[in-house]
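Both complexes shown next keep subunit A, but they swap its partner, so subunit B is in the first and subunit C is in the second.
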Partner chain A sequence: MTAEPPESVAESVAESAAVTAAGSAAVVTVRAPRREALYFALRNGKLVAGLVVVLVFLLAALLVPLTIDYGPNDYVGPAASAPSGEYWFGTTTFGQDVFAQFAYGLRATFLVGLLGGGLAAVIGMAVGFTAGYRGGLVDEILNMITNIVLVLPALVVLLIVNAYLGVRSVGVQALFIGLTSWPWAARAIRAQTFSLRSRDFVDLARLSGVRTPKIIVREIAPNMSSYLFMTFILLFGGSILIAASLDFIGLGPTQGVSLGLMLNNAARWSALHLGMWWWFIPPGAGITAIVGALYVMNVGLDEVFNPKLREM
Partner chain B sequence: MWRYFGRKLLIYGLTFFVAVTINWMIPRFMPGDPVQSMLSRANIAQPEAVEAMRAHYTNLFGFDLPLWKQYANFWAALLQGDLGISIWVFPTPVTDVIVRAVPYTLGLLVPAILLSWVAGNRFGAFAARRKWLDNTALPVGYVLTATPYMWLAILLAWGLGIVAGVLPVAGAYSFAMEPSWSWEFLGSLVEHWLLPFASLFLVAFGGWAIGMRNMIIYELEADYVHYLQSLGASRRLVRRYAFRNAILPQITGLALQLGVLVAGALVTEIVFSYPGLGHLILKAIQNQDFFLLQGTFLFIVIGVLIANFVIDVAYVVVDPRTRIGMGEAA
Partner chain C sequence: MLRLDGVSKIYRVGAFGGRELRAVSGVSFDVNPGEVVSLIGESGSGKSTLGRMVLRLTPASEGTITFDGTDVSAIRSRKAYYRQVQGVFQDPFSCYNPVFKADRVFAMIKQEYFPEMGRAEWRDRVESSLDGVRLDPGQVLGKYPHQLSGGQLQRMLIARALMLDIRLLVADEIISMLDASTRIDVLNLLGDLRARGLGILFVTHDLSLGNYVSDRTVVLRRGRIAEMGPTDRVFGNPLHPYTRTLLDSVPRLHTKWADEEPAAGQTPCPFHDRAPDTPVRSDLAEAEKEHYVACAGSGACPAAKETA
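Let's turn to the complex of A and B:
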């Protein structure tokens, strides 16, 4: 389950963040709030812990495959052997190295999160900013589209699309995940923009003849940057979970390996009944650790940006 | 209020229209040829037989007609409840196959959603601002909500089903039984239902508990809470007011999460070979049974739309502001 923030919470977070940012920027120099955020960030246990876990996995995904001189799907070892000094996570029924699959699978996981979450964030921002800033008929239409995509169950749409795709890759998977998972972000960003667009500094910019795209990029977006970043993190985690489900159902990338595909293979070749726990525990644990760390990081960021939550 | 329902119904109507259109478009506009892939799956040597099959399938999809006519025919067939013939269990109509599977999915999904929502909200409200509970329960909640449904299902099946051997891990009832209204059969049904239910419940529970805990913390900072406190209201009373306000976004959240919950139920069913819609989807994909897959898709969309509408009604019942037409919310 993706932990989407209830809208009103999200609103109040970004609103207070925006207020403090605008207020302190007016009084102190521009750099001070940034340094203040860093000060609280480094002292926030949740943020640091979450970040460390994510970075450890990211480094593992980048570096470990370089040290392995065979592919993740090569038949290298004895069949179905338990974890040992040579094969850290054991081997599959076919003698594939589970550790190698895990390391390569992490790459696919991060890639899907980055591309899928990134695309969803871009669409969500484009729709949210436009609808919130323009208002009127544009808002009505975009809102209607958002609501329709929101109600459609994303995974089931993805099932249909992927079933008809003959050759599937991580990139295409991420593309379709991005295309289906943006609506809640668009809604939240629209609400934020709506509350910012009548502020004095936006009026001032409009009066001085600044064009709309520039106002959005220069005046509105920076005042909710913390909120945008947190939205991206949630979309990132959500993409990873959706991709894992797709892979597990058997609609993962046709070539290569991912954590969801490992679970799919383990289930298909009854690792469960053969008691080969080393085959299905690492991939699930990896996904849970990464996504859980992202969520915890988000709570930490929330506390850093929203002073109201700090005194906890 | 009627305006509110009118808008909602309009959106659901449009969503249904879009879903049907997607369903119609994908086989026709995706790269790859569904007829070809079904032919190659059939694996027939004689060219005459292949040609006959190709003609049959092309006719079945109606690929030889002009596009607008194909689209109109698609709607006409749909409105008559005709979703085609399943290839996996040839020659049963897809509608029959799905109707047989739906009760299992609903039996799993509805209790899991409702119970996890109620229990998660209660627990989250209870844990908020209670230092030790917050510190222990919160991390557990985040781990639970980050867990892929199928992984928790696999872990439960392995731990309780195979290692401990206390609960069955496959099917909806014992393979040795025929469905009947006996106590023995009902017992078997419940026994097989427990593990899939538990894995759905736990993941969803974590999400609701965290959501509620965060909402309560925000609510406890609100003006009306400070006012109540300065009047000397008891902690209990204050929390009760905060809970009633915090529950509203959670109802909206329920609507937002429906898709994710349905997805969770589908993969959980696959883990436990539970004969619901998830199992059908798996079989449809393995057998390239596109009619079955698309029919299941439509059924799920309709189910989600109905559930959304029920939630809208619940929202109006709970929040008096929507009744007098003030609230644009939700």
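Let's turn to the complex of A and C:
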């Protein structure tokens, strides 16, 4: 919100006034709430560790493919060779570079997490905010839809839909994951909105003639921003896992590569029996590390935003 | 100007909404320009609900609330209504969004009602409005709500309501969070506003405040009007046993508390035992000119027991 001109002006005016009036100590108190969150965020081991892991993988996904001048599925090296100086993660039965596959696969993984988790978060927020704020009949209907989607065996539906649609891509996969994984987020946001909408400041905004969508976006959502952020992280991790499961059972993208697809190929060509551990360990460890780091980050964020959970 | 006619609020309670709770039932009164009407009652008597219904924050279940002759629930533009009618709530701490600076309540008014006004001109208006409630703009602007006192926040809310050219102010227990020194300032401010021709609906549980500021008093009990009329008549000659109990229970400065049980059942029911030629308006009897009183209720009046 600091980006907004009126507030930032007010802030700077207040600060200069505070400086002249009471010295620099007053400035610190004006800025206190945001500073405090940052202070605890940087000192929270879980959050920092999780963030570092996710960032390392993200950077690898973004940068490493730029340094490799062949595609992830090209047959470039000797077949089934163990990790070496030339092929860091070894090669597959067909001579594909596992390291290149891993780097490209990370891209697909982050993309599916971002798109699937993002879509689920958007739907969950829209449904949750509307149901929670409007209440009454709207809430009944939206809640019914939410419950129906919630009890759908999502993975089974995904299997059928994915098998039915011949063309499969990361985008379509993310779309279906997003369309099926929002219900718990919608329910959680609805419950939070319920408790916030009866606060006096919401009434005051209504008395100021502010329209409902603006009240939700400007008054209610900022009060649960930490909650929304954590919801997104959980949805992000969840979509990565669902995508990996789909890929592993052979319903992944038909072109390209993903971590789940690598596991699928490794299993199909008996990498385990042939002792080619370098084929399935990197993608498995990658998925585990990213999702695990996201969940650890979530716990850390919880502690940052909720003072009662902070470790003393 | 503002007229309530048989206004009721019914909530559905119970597991399946099978039972009814009448928070307010059949309340009728008027608020005229330049008049302070105080709504007095204990907690749960429905006075805040009435205030919220006037402010259109809660719809009325029965009856009509009209402002200048038009039904407020039929006014399509909330914005046009709130330009004329504003409210200040009881708890100033919860009226501010804790994530934002307190002066955002002014920014909201500017965005919705004065989007074209220049920043400097608006700032002047805010400052003069703050001056009007005896606040120092430098002390309160640019601060977070938790850095300000309840009295400051409450007066900022009053200043906010006055940024618009309002004609009716619903003041819901606005004094109860203030300390004694700022209390009189706000009361005098209300007096100034009345002199400017504003109608004020003053919701309170404090009898002495009601007596101090208001022209007319409406005593609510369990969602119904127990007694209403010009303040001096209601306080000078309380007819309803509930009003008397309320008046007796005000602690006095110079007398110690004495265990004085109010003699129950001895007072005649002001409605059913009224003088023969007293005019009656629905279930209120006009005992004096413009001084209406209801039945004492099933606890004290045998006639009410029969009908119940």
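Operating definition for what follows: the second predicted complex is superposed on the first by the 279 of 312 C-alpha atoms of A that agree within 3 Å, B and C clash if a C-alpha of one lies under 4 Å from a C-alpha of the other, contacts with A are read in each partner's own complex, and residues count from 1 in each chain.
Quick note on the criterion: a contact is a pair of C-beta atoms (placed from the backbone, for glycine too) under 8 Å apart; a residue touches a chain by one contact, two chains touch by 3 or more.
Everything quoted here is computed from the prediction, not taken from an experiment.
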{"item": "Partner chain(s) touched by A:A100 [first = subunit B, second = subunit C, both, neither]", "value": "neither"}
{"item": "Touching partner for A:V257 - first (subunit B), second (subunit C), both, neither", "value": "neither"}
{"item": "Contacts of A:M125 with subunit B and subunit C, given as first, second, both or neither", "value": "neither"}
{"item": "Partner chain in contact with A:A205 - subunit B first, subunit C second, else both or neither", "value": "second"}
{"item": "Subunit B or subunit C, by number of subunit A residues touched", "value": "B"}
{"item": "First, second, both or neither for A:A244, with subunit B first and subunit C second", "value": "first"}
{"item": "Which superposed partner A:L165 touches (first subunit B, second subunit C, both, neither)", "value": "first"}
{"item": "Partner chain in contact with A:A61 - subunit B first, subunit C second, else both or neither", "value": "neither"}
{"item": "Subunit A residues contacted in one complex by subunit B, in the other by subunit C", "value": "1, 6-7, 9"}
{"item": "In the complex, subunit A residues that touch subunit C", "value": "1, 6-7, 9-11, 13-15, 17, 21, 29-30, 32-33, 199-201, 203-210, 219, 222-223, 225"}
{"item": "Residue ranges of subunit A in contact with subunit B within the complex", "value": "1-9, 12, 144, 147-148, 150-157, 159-161, 163-166, 184, 237, 241-242, 244-245, 248-251, 260, 263, 266-267, 272-273, 275, 277, 280-281, 283-285, 287-289, 291-292, 294-296, 299, 308-309"}
{"item": "Contact set on subunit C toward subunit A in their complex", "value": "52, 55, 57, 78-79, 82-83, 86-87, 89, 91, 94-101, 103-105, 107-109, 111-113, 119, 138, 141-144, 147, 157"}
{"item": "Subunit B residues touching subunit A - in the complex, by the definition given at the top", "value": "11-12, 14-15, 18-19, 22-23, 26-27, 30-32, 34, 37, 139, 142-143, 145-152, 154-155, 157-158, 162-163, 169, 203-204, 206-207, 210-211, 214-215, 217-218, 221, 249-250, 252-253, 256-264, 266-267, 270-271, 281-282, 284-286, 290, 293-294, 296-297, 300-301, 304-305, 308"}
